[in-house]
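Okay, here's the structure, questions in a sec.
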Amino acid sequence: MARMKFLCDAERCIECNACVTACKNENEVPWGVNRRRVVTINDGSPGERSMSVACMHCSDAPCAAVCPVDCFYTTDDGVVLHDKDICIGCGYCFYACPFGAPQFPKNEAFGSRGKMDKCTFCAGGPLPDNSPEEYASYGSNRLAEGKLPLCAEMCATRSLIAGDGDVVSEIFRERVTWRGSAGFAWGWGVAYNKSGIRKGKAIEGNAVGGD
Amino acid sequence: MFAQLVDGIFWDIALWVFGIGVLWGILSIFRVRNKPDYSEPRGSGTAGAVGANLRRFLPRTELVSRTRLHIVAGYLFHLGLFALLFFAAPHVLFFEAQTGLGWTPMPYWAFIITAQLSFLGLMLLWIHRVMHPVTRLLSDLDDHLAAILTFIVMLTGCMALIGEFEGLRVLHRFTVELLMVYFPFSRLMHAFMFIPSRAFTGAWFGRRGVKA
Amino acid sequence: MATQVQTANRHRRIIVWSLMLLIALMLFLPLIPYALAYVSPEAGGVPNPGTELWRAVRSGDKGTSQVQGVDTGVLINEYGEAWRHFRMEQLIPFGAMLMGSVLVLIVLFYLVSGPLRIPGGATGKKIQRFSVFERTTHWFTVSLFWLLALTGLILLYGRFVLIPVLGPEGFGLTASACKEAHNLFGPLFLVAILMMLLTFVKDNIYARGDITWLLKGGGMFGGGHVSAGRFNAGEKIWFWIAVLGGLVLSASGLVLDLAVFGQGREVMAISHVLHGIAALVVITVSFGHIYMGTAGVEGTISSMTNGYVDEAWAKSHHDRWYAEMQAAAGDDEAEQAGGGAAAGVASPVAND
């Protein structure tokens, strides 16, 4: 089975936010929820870089480790999904996640957040593939149709790449060869690379890019 | 299965028992005839009835120092419960679905603070009732059952706050149905009877020229 | 001639060696920055811009984002891992060990030494220990404490204990109910703690004799009678653990509960750590309090149910308080006998 990954090539990202818009449109996410966002570092100064970030589908997902109701699971493709019928909206996954990927439709006093929502790698949820219920709760299930996440498909500069980890790293390696320097790519295998966190089913985590 | 019963036949039964029971209780009290009072009226009965109804919202000055807890906790609980019942968003939606009449609900935070004050009042009042030797002796099963049932209804309500778990909503509605069935046969009837009973005593006293 | 040949040879040698040196320098000089960078990565050479950016991002440098919200400009949350580690590998296992071992110790202690009897047996003469208001405050706090403790413990341990029993859906429903109840009742606990503080603080200030009481372990060792006022040193310690722990729990709980003031993940994680530690400490110590109040010491429980204790109990456990009460009662009787004012209403039950 493939191990699905996102990779954002910071040398190419132009902060156009097309990935954010594509995601919102494709998944019809609840108001106030942004499954994907673009973060710009050193905005306006030399060395400015932008990166598109969403759930990185870690092999050692810390959100799954801290969830009090254990509602997370990892698919055979290495996609981290969760069951909204079990989620209680406690927000713990948001505290543990390195990327701020978990989102909540509400934020009211007395802990009212609503059920957590996050990037599904366009792979829907635990309900039957491409059923209306699945679409209403989790958004689109492009993976079941043999398509990749729309954010990456939509990226004009091909900065955001999604797909099988081997293919993604091969594309990036080729770019680096042509470019002559690695620059900075935003990719992720494991969140913190520590033992003791629940491992995804037989998935080897190896970080792409980074230092 | 259970959810269908709770939303269907149980609700119908509870509504009928509640409606008929409350009407029956009120009517039977109004049907009681007192002996005719041939005495010369020394004051207005109507004024006495209205006056007693209003005055009894305030505590007797002589007793304030000894009933401070009852006054504060009592008002917190009763006003809180009233606001919760009629102005909590899920309840307003429920009434609208049942009757077609809707009104503006409280915002979520106000609804929760109201619930908290209401819980504060109910818990303090019931614990004080059990702890005070006199009220403990005066209380019978009905008092305790009414307080505990009300507490359970409010607790299941607060547990179902997230509004996403069907089981919790059904549990809350089921406890409400239990309370509705119990209501006409208990002192909870004071919710309907407190105004006529104050009026009755007030009129009786007013006619005799005495402040009730 | 010979000298000419020698000179030519020397020239050739110089040329050859110079060339070789030149080649060697050409090969090795460019490596010096690499070698320096290898020895100390900070010094020398131009750092990889990507590496530098990466380091900045990992240390929590804030960027900007078009997405509005709390902490959306933070690319990497540097506290997430520390928080996960605390909750999953410290709070949950150590908390279970702490509570479990204290429970086991209490049961063992009870089995070995049994309850502490009233010396000389009960006299049947009763004396009021807690007023109606004090008891109401106590049981109000107790109700809220256990409601919050149970819902909190279910949220903390339910994943390991209750999911196998209730199944994932059943536990999701239970946990949701617990979370909502915990969030709603939490702020009321602050009211209870403040009521507790105001009601009992005057008798829980350090007094002479408390150190002796502690050194003798409340009469367990050292022999001889241990003297105490209305509350002994052990009760005072429990009072301050409960009140201060309760205040920490309330403060951190309110930060977690009212997450509408823009507090980010760092503040929330720290609050959670404080909340967890304080909760487990207060719950654990409460086991000891419950034991001493019920099975551990004969004749204690009635002080919190109907408010009265036996005179022998008071004399044995709180002799100085007993003496004060006797003196006050004596004064009252003398006053009533003398003045004849304040008729029947001075009954102890009316004193709420």
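By written order: A, B and C. Residues from 1 in each chain.
In this text, a residue touches a chain if its C-beta (ideal position, glycine included) is under 8 Å from a C-beta of that chain, and two chains touch if they have at least 3 such contacts.
Computed from a predicted model, the values in this text were never measured in an experiment.
When chain centres are set by their Cα atoms, the one at the greatest distance from chain B is A. With A-B and B-C as the two chain pairs, more C-beta contacts join B-C. If you average the Cα atoms of chain A and of chain C, the two centres end up 35 Å apart. Centre to centre, using the average C-alpha position, chain A and chain B are separated by 52 Å.
If you average the CA atoms of chain B and of chain C, the two centres end up 40 Å from each other. Among the residues of chain B, those touching two or more other chains are numbered 112, 161-162, 164. Along chain C, residues 172, 176, 179-180, 184 each make contact with two or more other chains.
Shown for chain A are the residues that touch two or more other chains, namely 88-89, 108-110, 112.
Of all residues in chain A, those touching chain C in their complex are 10, 15, 17, 20, 34, 37-43, 47, 49, 51, 53, 62, 65-71, 83, 85-92, 94-100, 107-112, 181-185, 191-192, 194, 196-197, 210-211.
Residues 66, 69, 112, 115-116, 119-120, 123-124, 127-128, 130-134, 155, 158-162, 164-165, 167-168 of chain B touch chain C in their complex.
Across the complex, chain B is touched by residues 132-133, 135-136, 139-140, 143-144, 172-173, 176-181, 184-185, 187-188, 191, 306-307, 349-350, 352 of chain C. Residue ranges on chain B touching chain A, taken from their complex, read 108-109, 112, 161-162, 164.
Chain A makes touch with chain B in their complex at residues 88-89, 108-110, 112, 114-115.
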